[in-house]
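After this come two complexes, each holding subunit A, first together with subunit B and then together with subunit C.
Take a look at the complex of A and B:
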């Protein structure tokens, strides 16, 4: 067991703490709000990176899974279950302390809704994943895009999901003791750490996945599915597992984001969001978890801070084109950096030579 | 359901179906030459419609449409020259990503050029209240324009791909690019021509449907997805199949409104798309053997 793979994780943890201390020292803690949201989006992106980069399967529907998580949590925590108060299930949840009555209304604990969100996500990902992952290339892209659009249409057209307004007044999520996921400004620092703890746990899990036997199997599928199957790799099963895992990551991010923002709107299910996730994974270098994570935080942060104004969508579209044209291996790529360093050195050498020769001549 | 009501549903299905079919044909042209699906096809429709609307303020309608078609086809050629050609040994995944990126950039450019207002070309004959009565149900004459242009496109493209040297070279590129190159076909130029042709057809389609659907900077995307569904249903690359598929999907959608809420109309056709992809990806009229050879 090599411990070397965890060194970047420690660096990440140190960087997270350093950023928080820096904002504390400079009194600019409002930056943490966007960094917290970026962290949740980064969770979607590292999941998608495993699916796209390692298993080689594109998904243009991951905003759909984000929305499934967010909307399930939002509906279940805001819905008044007092109509079901006589039922055995609610009685059981009440005695377990997972449902509480206040002001004549009966509400479920966020734990129940989070569990429900994850169960629904896994179920949907299985049902959709089995047939969808048999497709390749354009057909896979279109089918996953179609899935994302169906989710978008459903949340936009159904009353229980708030139609165009979305759902608001989602309560905070009391995890344990004083730890709460909610949007109130005094909880900003702990929310920042909760989000980044999730990201670090998720990253460690995915690193272990891609470095394991399963990860090697996935890369062999990416290289050539036929060859992988000939070597005895059950390609469809591995693809399905990764699809479900990445869906769960997206759904988890959606659920926490709904608690953080106190609601969710249909724009989270928009196809443009899915395309953004794909753009970020491409910018990070496809099969590069750290690249995806870095780009995920950086680009989401830029976008959330509103630096791009009305050019936000255009920016991500341009990224997609530019990456494919000029750096198909991604921006953060060890090989690219190495060649860039070599080129820079030779350039410096040639300049030195020229100036040296110039010196002789004079 | 009364007979007139059924007929009205059928006619509204024909209206939408003919629009979807005309979009699907544009997909088929690029697919026939390059084997790739241009995700920016819907943007050609929007671009054609918008350009014609702007130009129609200075010149008569037919001239405005002609110029819009020319301008959009030049834009199509430029897309190939500037982006598609520069990709080094592109994979299918890269092509998908680049064309998606292009569609977003074109859409956002249109937003900044024309703002978010919904516009439309005037009706080619009559006005929005003119209607032709068929056995007690009503249909707008513009629908006949769409159907007519659609039929003409299928016919001319069929002749072009079958009987002209350029058309046949384009088909050769699709089945085997290396072999086509060895036969002395300039494969790069064929791809450019196919992008120009599909952009021109897209622009013409965008103009013809503009009075019915209206044109907005983001109207291309939803049309493209419907058009793709129809192209798959009819069998990729098969223009006659696209017309039949378009009418079928249009019909299904308009009847679905009588059972399900209007808001789910788009979800229905998307569910059909996913079902076709699962059950019969070669479509109604495509051959299974042929689609198995394609690089998907």
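Take a look at the complex of A and C:
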């Protein structure tokens, strides 16, 4: 195996630690809050990047999977299950320490709800993926958009999902040994590291996948589905698997984000969010996990800090147009960076020449 | 018989693209399919390789029915192919293209890939070594690291051959391998086809270059408007008045008669 693929991972880990130390030194630790949220969004982005950039299948419905993760854990950790306290399932969960009573209410452990969220996500991804992945190009984009719309309207219109208000008072998620996914300020630093650990693990997994036999098959489907099948690649199965994997990444991000923010609202399921994810993957260079990750953090951070004000959606729309027009290969792309560097140098040279001549004249 | 095509038909709307075609291909032979444009040659290939389902008829490979099965399972049984308008994976290097050809001869799945299990490393090494060996054999190992979309047209054809061979096929379907090539490149392709046959691979080839066909094939099937109008050795096909008529036109054919 080549260990070289993990060098950027070490750089990323070092950068994550460096940023934290920098905020500590400058007393600007409040930046970590948005960097933590950006990390969870980056998790969605890298999963979508694998689906879009490598396997060549678009999804305009990934906010739907994020919402499935977030809403499932939010509902299950806030719901009072005391009505079911006599049931065998609750009894079993109680003896396993996965359900606890407090103040007359019976609540499920976040582990149970996280497991449920992932199971539901996988099931929905299969059910949606099997029919829509038969479609290609614009048709797939529209069908996935339809899925996103359905999820959005469901969470917006259903009592148990809190309708327009969403769900609040979602408890923190005590992972182990005092680590707790929660939005309380004193846990800011550990939450920053929890989120980035997840991103690093996810990135390593996807890099491994992309460089494996299965990843090669996925990329071959992108190159020519007909030729891939003629070479023995079960294209429909591979497309479905990568769709499910990317859905799980989105759902996991949604689940952790719900614990971090103490709730979730329908805006997370908004189709515009899905469009934003696609725009970020495009800006990162499509078949480029590191580009997607970089853009995922950078653009989400800019957006979360509120630098764009009410023009946030417009900004991402503009990014889509600009990327498609000027850099369809994305911004973080070795070839594009190279040509950009060459162009910049020749521009500087010509400016130098001009100013040099100007100097003589004066 | 390695491949048997029995009464296979396929229509598109009202057009009978392939109409009741039957022939068989013995092991270790080279069989050619010729015919004018639109005769149904590529459709026939697609029916054999599984890209299309026949409306009726059967296809046997090694005695087992394969008609209507998905292309990837037919590939896994040992049927490989090239395409008339070369279909390389332009998002991958030449070497990676050939490595995809090893797909059915390797097994690591998604989970093994995601966790980069040691079993993958051994297999990846094996896939890469075999693929490099094939590029070497076809004399294009220098292209291994190039992007498949950035190499010369003639080289793309050879790389597509390499990818098809990486599957270790028993039967290789070649769809107009000399199309768009100059005489020198065509001679090179003929050489490669002979080499492939020496490896024990059976070949079914569609081609318009008659000198190439007459040179390499053992047997020829002639299609016209979806129907099979002749089958036989190259020397017989050259003399067949029906074949001469469809290739040269009615009057020319009459002129040729003694």
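One rule holds for everything that comes next: the second predicted complex is superposed on the first by the 341 of 362 C-alpha atoms of A that agree within 3 Å, B and C clash if a C-alpha of one lies under 4 Å from a C-alpha of the other, contacts with A are read in each partner's own complex, and residues count from 1 in each chain.
Criterion: a residue touches a chain if its C-beta (ideal position, glycine included) is under 8 Å from a C-beta of that chain, and two chains touch if they have at least 3 such contacts.
Model, not experiment: these values are computed from the prediction.
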* Consider subunit A as the common anchor and indicate whether subunit B and subunit C clash or fit when overlaid. => fit
* Asked: If you stack the two complexes on chain A, which partner ends up touching A:278: first (subunit B), second (subunit C), both, or neither?
  -> first
* To do: Determine, under the contact definition given at the top, whether A:317 touches first (subunit B), second (subunit C), both, or neither.
  => first
* To do: Please work out whether A:139 is in contact with subunit B alone, subunit C alone, both, or neither, and reply first, second, both or neither.
  => first
* Asked: In the superposed arrangement, does A:147 touch subunit B (first), subunit C (second), both or neither?
  -> first
* Asked: Hey, is it subunit B or subunit C that touches more of subunit A?
  -> B
* Once both complexes sit on top of each other, what is the least C-alpha distance from subunit B to subunit C, rounded to whole angstrom? -> 7
* **Intersection of the subunit A residues that touch subunit B with those that touch subunit C** => none
* To do: Quick one: which bits of subunit C touch subunit A in the complex? Just the residue numbers, please.
  => 49-51, 70-72, 75-76, 80-81, 83, 87-92, 96-97, 99-101, 103-104, 106, 108-110, 112-116, 118, 120-121, 123-124, 127, 163-164, 167
* Contacting residues of subunit B [partner subunit A, same complex] -> 36-37, 83, 86-88, 90, 92-94, 96-98, 100-105, 107-109, 111-112, 221, 225, 228, 232, 261, 263-264, 266-267, 270-271, 273-274, 277-278, 281, 295-296
* **Touching residues (chain side subunit A, partner subunit B) in the complex** => 56, 58, 60, 131-132, 134-139, 141-143, 145-147, 149-150, 153-154, 156-158, 271-272, 275, 278-279, 282, 310-311, 313-314, 316-321, 323-325, 328
* Contact footprint of subunit C on subunit A as seen in their complex -> 1, 205-206, 208-209, 211-217, 219-220, 222-224, 226-235, 241, 245, 287
